[in-house]
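Order of writing sets the labels: A, B and C. Residues in every chain begin at 1.
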Amino acid sequence: MLRQSIHELVIGTRGRGFYELTREVEEVLRNGGITTGLATLHLRHTSASLLIQENADPEVRRDLERFFARLVPDGDSLFRHTAEGDDDMPAHVRTALTAVNLSIPVEEGRLALGTWQGIYLWEHRAQAHRRRVTVHLLGE
Amino acid sequence: MLRQSIHELVIGTRGRGFYELTREVEEVLRNGGITTGLATLHLRHTSASLLIQENADPEVRRDLERFFARLVPDGDSLFRHTAEGDDDMPAHVRTALTAVNLSIPVEEGRLALGTWQGIYLWEHRAQAHRRRVTVHLLGE
Amino acid sequence: MLRQSIHELVIGTRGRGFYELTREVEEVLRNGGITTGLATLHLRHTSASLLIQENADPEVRRDLERFFARLVPDGDSLFRHTAEGDDDMPAHVRTALTAVNLSIPVEEGRLALGTWQGIYLWEHRAQAHRRRVTVHLLGE
């Protein structure tokens, strides 16, 4: 019989960068008792993202950070919404270019991720933040 | 007992820009009688997006528009698919850079959005369009 | 009564470009016996994407490819993760800028896609790869 449950993860960030939460999500799966099903993650913020990316060479995440810093430069004179500083609007643009929702099937009690896939919270603001991720579990 | 239902929203746009549909989606929740569950939105078009972004300062949306207009310029000579005008191919690229699906948990009869999150249809074409969003509700 | 099932699609790519899998996903729907529900696709890789885009004029996909090749150039000296060649890190960036998850409602036994929407695997690596897509079906 299919059932559902909702859980919350809170991630304390220490400024811009990647924070892996694969293990935390798999712990939620165990707590929810779901062996086969679907896990949906939603980040309740507009200046950070959820990203599935390579979990092996950390240089991949540093290169992603370098690329996005060049693509959406802090302090760009294009932006008028600058109330919270040079990194305010770039954080919103980075979020628009990536995602705040992820939907991942669950098989044999584990997320159906590829060998090199990890789930990351990508903090786009320079300062530390407390970020909330709501997890919806469906399955049996 | 879990149940599901499917609904359709039709949004008339007046050209490029953001059209909030948070209230319309929450009305669908009420009509579907879902208190706890998952709402999935799918936009049936390839030249507009669904985006969760800040609902407070409207300057954020104007800055997003300015950034994307610079990143994917109308009339760029790179593009060969120009049948419907200078904004045709940029609309497809903007859609590829963002999303046409959103999955949002539902708690206590409301979307589990953050305080500053609103759901927007982002019209990328210069002219008015009639846009269809299919909403799948799951829950109890 | 709602039920679920999980399926796997394997797509052999012949290097960078778009590979349509709409028909394969609709065959999964038929095999799963779902008439009304939700299909969730997850690509288990970090250097290819799942994209819903125009299925009519193939020039749209060629223009998307041209745009991304200019936005994220192969061999960019910005990148340090170059172990697998000039297209290695650009493939990760393209994946971050697009998506590896899709969630699509199912109505009358068909995906609720718009007239011009097709589902594509977008291979970002220059060489051929074997790509795995996990499909979660929910419905009745």
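Here is the rule we use: contacts are C-beta pairs under 8 Å (C-beta built on N, C-alpha and C of every residue); 3 or more make two chains touch, one makes a residue touch a chain.
For clarity, every value in this text was computed on a predicted model and none was experimentally measured.
Taken as a contact graph, with one node per protein chain and an edge wherever two chains touch, the assembly is complete, since every chain touches every other chain. Both subunit A and subunit B derive from one sequence, and where they touch, under half of the residue numbers involved are common to the two copies.
Subunit B and subunit C carry the same sequence, and matching their CA atoms takes a turn of 120 degrees, rounded to a multiple of 5. Between subunit A and subunit B the centroid-to-centroid distance comes to 20 Å (mean Cα coordinates, whole Å). In subunit B, the positions touching at least two other chains are 2, 71, 97, 99, 101, 103, 138. Of all the residues in subunit A, the ones that touch subunit B in their complex are 2-4, 6, 40, 42-46, 71-72, 78-81, 83, 89, 92-93, 95-97, 99-101, 103, 132, 134-136, 138. Only residues 2, 36-38, 51-54, 57, 59-60, 62-64, 66-67, 70-71, 97-99, 101-105, 107, 112-117, 138-140 of subunit B touch subunit A when the two sit together in their complex.
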